[in-house]
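So, here come the structures, one by one.
Look at the two complexes coming up: chain A is in both, with chain B in one and chain C in the other.
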Partner chain A sequence: MKNELARRLGALVVATLLLALVPLATSDYALHIAIQILLWGFVYTAWSLMGKFGLVSLGHGAFLGIGAYASPLLWNYAGLTPWLGIPIGILAAMLLALIIGYPCFRLRVVGHYFALVTLALSQVALLTIVAARDITGGSLGMTPKAVGHSWYALQFPEKPYFYAIALAVWVFGILIWHFVDIGKGRAALDAIAEDEGAAAAIGVDVMREKLRVTLASAALTAFGGALLSQYFMYVNPDTLSGIGVSLQIVFAAIAGGMYSALGPTAGGLFTIALPEILRVTMGTNFVGAANTIYGALLVIFIIFMPRGVIGLIESRLAAAPARKISKEPAA
Partner chain B sequence: MDIYLFEAIINGILLGGVLALLALGLNLIFGVIDVVWICYAELVMCGMYMIFWLHSFFGWPILLASFAAILGVAGLGVLLHLLVISPILGSAPINQLLATGGMLFFLQSLATLLFGTDFRNIGVRLPLIELGDIFISYSRLLAFGTALIGAVALYLFLSRTYLGIAMRAIAQDREIMGLMGVDQRRVYLITSAVGGALAGLAACLLVLQYDVHPFIGLSFGPITFMICVLGGLGNMIGGFIAAFVMSQIIAVGGYYFSIEISYVLAFVFFIVLMFIRPQGLLAR
Partner chain C sequence: MAADQNGQRSLGEGAMLTLCNISAGYGSFRALFDVSLEVGAGEAIGVVGPNGAGKSTLMRVISGMLRASSGELVFEGRPLTHVPAHRIVEAGIAHVPEHRRLFARLTVEENLRIGAFLPQARRHYVERSEWVYALFPRLLERRRQLAGTLSGGEQQMVAIGRALMSKPKLLLMDEPSAGLAPLVVDQVFDLVRRIREEGYTVLIVEQNLQQVLDVVDRAYLLEVGRIRLSGLSAELKKNPAIRKAYIGL
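Let's turn to the complex of A and B:
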């Protein structure tokens, strides 16, 4: 266990150092893409914390939306710094997760039903934001008051600053992922995913384990939403809340591979870079081409590669050395 | 009673008819194949585009175009089943839900790619009916009536024909029916076709009331799922009743507040009811 942890940490440190060098070598445009990949990768990673244990939530658009709107709203109307606004948004998202999660887990709302209840949740968030158009700007979105470069307002027009923030947050997300993956709760959650009744019978506190991972996932998602709105300096209900975003989160995590630490980030690479590449190479005449290809690929992924790209690579890599080891005498 | 409130209630009942029709199709698919077509409303969108192009561009008469659209969407349903559902029939139910969710993206963006994001109208304007002080849209009344006829036809099909009975039997016990000599594959294909045809019928009715655009599915897709779950997934009578409950919440909520708030109310009602009656309205 200790060695495994050290190995994973070591790999993460090396990857982080390499990624930290990126701003030295690239343009603002490439950084812009990289920041989006890291931030969305963080959100997708947060979703996969639940997803890989069979808790398929289509409600993450709601958590993302709360996180994204809380700090700009508090900043614009109360002058509250995002340093407080973001934690408030995160707490609000956790509260919502508790309000929905507790009855769901108590009443054993699972599978399809869990997906559809959470789907309703993301739609509620979207419509509430649109309906409160007097303060949120409705479908037109809103812009936090810009003050230029400021730590107090957490606004940085220069890309490298936000790249550093995005990288740090992304690393944090990956660490949490490993923490959950290695932690004691993992076996319990695996057991719950396999058979909830049996898990409860052998003494797993189903409610506590499920709620913990759900709250963590909601909090991280809201955090990601907050940073996305701070980075873009613009929030819009359709891109940061609602069913479309919820599905985007789910698909990116699955396409990348929700059972691997880097899978969701690979999903981010795919969902952010693919539309960019198509837009650059094919021009704007093909609005929708990226999403058409994306949608078709998703279906193909789910049918043929339910463990995602990274999952596929990992299982190939794991298959090769495993044979070598088996020849050695057991130590 | 306030005349506008009365009008809202009438409109709610009429809206309920179309929602009930959509819920019936989705429930049929779920009951028989045990799959939720997340992209159901997108099939309706495809049907609406078919009618639009056939009628407005190729100049087909509206009835012929509607008929073609029903057949066309039934075909799409079969294709969806063959290409997407049948390869993953054995895997986790959530994968099937997600695969059809991928189709939602695909159909939506394909429509954007092919037709752009313009709102298109077939330009058929049906008159308003005036009853005393209230106005009822003729197209809504037509939709309501057709939806009821569709529901009755489906009921007769399921209770009186060999195929319909086979479908219901499969819904009750998948394995035994195979042993009894019912060709499951064939029944699934026919169910997909009937489910698609119902989506096509809904498209015919909706195209008279709404403009077509690639994202129209999102405006009534989620509410349709809520209705099905509320009625108990696969329970057609439950879905039928739930459609009218939800449409009343939307119509009356829209009268007192705003249309977004009314949908929020409907979804919150759904979430709360899921906690009170997780198996649906009619569960015992």
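Let's turn to the complex of A and C:
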């Protein structure tokens, strides 16, 4: 267990140091893409904390939206620094997760029904933001008041600053992922995913374990949303809330591989690169293409690659030495 | 723990588990009516009865999965009537659920590990698992295998082993013979006998009256949610009504 932890931490440190060198070598455009991949990768990692234990949430768009809107709203209307606005957004998302999660878990709403409840949640969040257009700007979105380079306002026109923040946050997300994966809650969550009744019968507090991972996932998602809005300096209900975003999150985590630490980040490569490629090649001729392609690819991934791209690579790597051994007696 | 094994202990105070006038049901449907029973330390007690008698409901009430609508449940002098399931396990009652309910996609070892989920059990994981493997050597051979791929009898071993990992004082077994071939049922009752010999207090619910009466000290006959009869196994085996209705003689 200790060795495993050390090995995983070592790999993470090496990866972080390599990624920290990226800004030295690349253009602003590449850095812009990299920041998005890291921040979205962080959000997808947050989702996979629940997803890999069978808690498929289609409502993460709501948590993301709350995080994304809270700090610009508080900044614009109350002059509150994002250093406080972001935690407030995170707490609000956790409160919402509690309000949805507690009754769901109490009444044993699981599987498809849980997905449906959370699906409704993401649409409610979207409609609420649009309906409150007087303060949120409705479907036109809103912009935090720009003050130029400022730590107080957490606004940095220079990309390397945000790259460093995104990288730190992403590392934090991966650490949490490992913490959950190695921690003692892992066994309990595995048991719950398999059979809630049997898990309770051997002493697992089903409600507490499920709420804990749900609140953690919602909090990290809201944090990611807040940083995305600080980075873009623009929030829009369609890009940071609602069903489209929820589906994008699910797609990325499953395609990349929600059972692997780097899987959700790999999913980020797709979901950032795909719209970029579509935008460059087709312009605005084919609006909605990304979601159509996500849907089609999701079906293909679930059938042929249920553990995602990274999961497939990992199992190939694990199988390779085994195959070598099995050949030896024959030779 | 192994008090006296002859089944002659006097009932009343000092019982490990006492149920007093327990009623329970699902919605407006009542499955148990004023059920009272006692289990003394070191005893093996059977609750027998036909399908739909309320046997599993009784188990679910004891293990905290279902809340009794009235009555009292006392374990080692502590009232447990409104205590949630995970706290019941902490108190020392482990439940081998009906149809085993293994974590089929986890290995035998992982199933046992989850059985030792409570902090006090986790500390003793290594010695407990060695003990379970010594009790069921077959599980040691299969410990890396997925639980869902084992035979019925082996799965029952995993289910019992998983329950024993929490080092319970009382083991609840819900229809351990359910859904198993007759030959395997014999093996399962051998397992129950071995658990008894280890000194565990066992409360076992069964439809298979003839075999369970060979294993337990005393038994209660549950019919349509009420206790109809109770007594020492040897007496119940001779009871003409039971012989006629359940054993077919």
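To be clear about the criterion, the second predicted complex is superposed on the first by the 301 of 331 C-alpha atoms of A that agree within 3 Å, B and C clash if a C-alpha of one lies under 4 Å from a C-alpha of the other, contacts with A are read in each partner's own complex, and residues count from 1 in each chain.
Here is the rule we go by: contacts are C-beta pairs under 8 Å (C-beta built on N, C-alpha and C of every residue); 3 or more make two chains touch, one makes a residue touch a chain.
Bear in mind the structure is a predicted one, so any value in this text is a computation, not a measurement.
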item: First, second, both or neither for A:Tyr113, with chain B first and chain C second; value: first
item: Touched partner set for A:Ala187, first chain B, second chain C, both or neither; value: second
item: Partner chain(s) touched by A:Tyr294 [first = chain B, second = chain C, both, neither]; value: first
item: Comparing the two partners chain B and chain C, which touches a greater set of residues in chain A; value: B
item: First, second, both or neither for A:Ile100, with chain B first and chain C second; value: first
item: First, second, both or neither for A:Ala266, with chain B first and chain C second; value: neither
item: A:Ile86 touches, of chain B and chain C: first, second, both or neither?; value: neither
item: Residues of chain A at both interfaces, chain B in one complex, chain C in the other; value: none
item: Chain A-facing residues of chain C, complex; value: 63-65, 84-86, 89-90, 94-95, 97, 101-106, 110, 113-115, 117-118, 121-122, 162-163, 165-166
item: Chain B to chain A touching residues, read off their complex; value: 36, 84, 87-88, 91, 93-95, 97-99, 101-113, 116-117, 214, 218, 222, 225-226, 229, 233, 258, 260-261, 263-264, 267-268, 270-271, 274-275, 278
item: Chain B partner contacts - residues on chain A that touch it in the complex; value: 54, 56, 100, 103-104, 107-109, 111-113, 115-117, 119-121, 123-124, 127-128, 130-131, 243-244, 247, 250-251, 254, 286-292, 294-296, 298-299, 301-303, 306
item: Complex contacts: residues of chain A adjacent to chain C; value: 184, 187-188, 190-191, 194-195, 197-206
